[in-house]
Amino acid sequence: MRTPRTGGLMLLALIVAAIPWFLPNNFYFEMAILVGINAIVAVGLNLLIGYAGQISLGHAGFFGLGGYCSGILVATYGWPPALALLLGAVGVAVLAFVIARPILRLKGHYLAMATLGLGIIISIVVSTEDWLTGGPDGMYVPPFTLFGWELYGEAVWYWVIGGLLLLAVWLALNIIDSPVGRALRALHGSEVAAQVAGVDTTRAKVRVFVVSAVFAAVMGSLHAHYAGFVTPTSSGFFHSIELVTMVVLGGMASTFGAVVGAAILTVLPQLLTGFEDYEMMVFGLILMLTMIFLPQGLVPTLARVFKRRDQGAGAIPGVDEVDP
Amino acid sequence: MSLLRVEQLNKSFGGIHAVQDLSFEVDPGTIHSVIGPNGAGKTTLFNLVTGVYTPSSGNIFMDDQPIAGRPAHVLARLGMSRTFQNLQICMNMTALENVMVGRHLHLDRRFLPAMLRLPGIVRGDRDCRDKAAELMHFVGTGRYLDSDAASMPYGALKRLEIARALAAEPRLLLLDEPAAGLNANETAEVDVLIQKVAETGVTVVLVEHDMKLVMNISDHILVLDYGKKLAEGTAEAVRHNPDVIAAYLGAA
Amino acid sequence: MAEFLQYLFSGITVGATYALVGLGFAMIYNASHVINFAQGEFLMIGGMMTVSMLGAGVPMPLAIVAAIVLATVVGLALEKFAVEPARNAEVVTVIIITIGASIFLRGLAQVVWGKEYHALPPFSGDTPISIGGATILPQSLWVLGVTVVVVAALAWFFNRTLLGKAILATSHNRDAAQLVGINTGLVLLISFGLSAALGAIAGIMIAPITLTSYDVGIMLGLKGFVAAVLGGLGSGVGAIVGGLILGITEAMAAGYISSEYKDAVPFVLILLILFFLPNGLFGVRATERV
């Protein structure tokens, strides 16, 4: 059945399939792969921030844990990469589950602080225990192999990540358009209303927190294998902020917005290298200006503009579920 | 057997005794009103019964089962539903979705089937959508079927909240000032709606200030003042009770 | 014993800095419910500007004043151009804006002052003073002394002056304050300016001890945020107490447990505190009226 969401998914699939024809060399493929990896994390994080309305300023911690788990188990102990990735995902799921309950009791800025603290603790631990993790310089991670077949080369990675992106978006869209998803959005809109409707809000928040943490951990593992190394910065404060910015910039409560946000934020620093010393300034300025003038994020704001054009005045249906 | 029974209920906030030693019963299939001057403890009572607040002491029973202090979502499972004095509508969703949330307990709430979009989920959602649309018509907000909650007028939102509460198919429905902020026409419409709801067999307990509405539809009235029971009985009895008159108009 | 005192001294010194930063966070939060992630940059601006001016031959007292003034202006500009336009946005959005501002300021500082570390000469020499077997730097005494003076001045300001009371009133209930004629927009502006000045003072005081560079703002800002949350967001007293507790705990942990994990201490502390006291030490437990 053709609906806005399947339309959006097909468009994304088309883009993923078509892009390789436009990429002149390996460097651009590398960019595309990084965009894909960040996008998947952002899609997961968006479920937490945009839909459930919770803040996490420490999600890079989970990303880093996934990467280090893979790095340590595969490089140091010779585990098969797929198993290490699985263990990383499960480990992070357990950690997220255990800390979610006490942390998600907090609200607003207290929650922001707690998640921030968690992320920073993870990055400090990872940087300090150098006998295990290689310390501040990080550690080397062997390539990803599955039953003897090695994932090697930009082209192969591109299709793997592209496929995973489509899968992640599909999973996220499914959650949103389901009782669980509606419960999450209701929780964001009015927690007490959701509760009297029978939503176990604590359980719902914990679950979406865990799901988004697992998205991050899995991508952290894959990123480590792709890049060939993992460093503490992958779990650091800045990376956490980058991830949140991708979600907010692209548009909270918009899965495709998260993808767009990831694309922009991954590519932007590259575009700004022309500014050399002014790069940081310009980046900060762009961040501020976009959030000030487009507080809803890019995709929802664009969607509003287009919908207003073909509908005239009146209610804009499903404004928070924005599929192009 | 009473559907809802409150025994020696107390709630204090610091030095303020919002509800003191309150006991009453609600019989199934009736419309039961709680009235009283502002600050009498009516909304606090509601919040205690619906699990938003925990009592300082005392018991609340539903079907003779103790429910005091149980969280709101558990009470919803027992068949309790409510609306709020200060509208609690999810402005980030469409009107229909708000009502669909009300049906939460009747749907498959598991993460994995939802993620994989199993046919059961899809079917369930389609039925849910239909039911929600039906309810929106039932409460008189049919013209807002395709609207965002955020674009609806106040009066319509009040009725939307009732639709959401009804979506749960409750046995006990608590309405906190359903006519607050409505003009005479809209209040009359709410009057009719509440009677329609009661006719379907739902027990209704409402807090209200609009005396005309209360006297017109209530089978039983409970009057509160300063958190204590001042009087209770039929509309006729309460209307002529000297204590009640004194509380509202001041002693002569 | 001497060891304990040593840790205590360094803990109180850095704690006083955290207290000032936390106070800045608390003031802005009170006025606007915004967490200003750029708070740390005011410290950086204070320190670096003073270094610059000194380098240009300006006498120390004048350089300090100029630096504080500059930081205040930056604070005012931040409120006017970045925070005010986003008045009605969601919490997360405003957080991103202040983070963008902090990145911008850091980038600007990097362009103007480069990436190197700079030293600010201590105000009254660097001969350590011996107390009970432990040593304390004269600069530390400056930090403590100035902090006490600043806190006292702020207490007087908020409790004795009309403007101060107006700011307090706005923090308790903005609508009510507007209704009695308080210009809440001005209050917001002043809060940012004051916070910036506080940050600059803290940054200048601590610079002779810890050196300064374009990116010192990040960690100091984050730890100041921890101090404010520890004490209970919005509580001035809480921020001060939080800052001191944080500084002392950090120094003790670094000394007795592990110096490598020094930077992790504030965050472990805040997680523990928030676990037991979801609103911080002095935070108000608000009951949501439904």
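Points worth noting:
Letters A, B and C mark the chains as written, and numbering starts fresh at 1 in each.
What we mean here is this: contacts are C-beta pairs under 8 Å (C-beta built on N, C-alpha and C of every residue); 3 or more make two chains touch, one makes a residue touch a chain.
Since the model is a prediction, treat every value here as computed from it, not as a measurement.
Centrality by C-alpha centroid: the chain sitting nearest the overall protein C-alpha mean is A. Farthest from subunit C in terms of Cα centroid separation is B. Subunit B and subunit C have centres, each the mean of its CA atoms, that are 48 Å apart. Inter-chain spacing, taken between the CA centroids of subunit A and subunit B, is 40 Å. In this assembly, the C-alpha centroid of subunit A lies 32 Å from the C-alpha centroid of subunit C.
For subunit C, the set of residues that touch two or more other chains comprises 290. Shown for subunit B are the residues that touch two or more other chains, namely 52, 84, 88. Shown for subunit A are the residues in touch with two or more other chains, namely 192.
Subunit C makes touch with subunit A in their complex at residues 29, 35, 82, 85-86, 88-97, 99-108, 110-111, 218, 222, 225-226, 229, 233, 260-261, 263-264, 266-268, 270-271, 274-275, 278-280, 288, 290. Interface residues of subunit A facing subunit C in the complex, by the touch rule stated above, are 49, 55, 57, 102-103, 105-106, 108-110, 112-114, 116-118, 120-121, 124-125, 128, 192, 237, 241, 244-245, 248-249, 252, 277-288, 291-293, 295. Those residues of subunit B lying in contact with subunit A across their complex are 50-52, 71-73, 75-77, 80-82, 84, 88-94, 97-98, 100-102, 104-105, 107-111, 114-117, 121, 124-125, 128, 144, 146-148, 151, 164-165, 167-168. Listed in rising order, the residues of subunit A touching subunit B in the complex are 171, 174-175, 177-183, 185-186, 188-190, 192-201, 207, 211, 253, 315-320.
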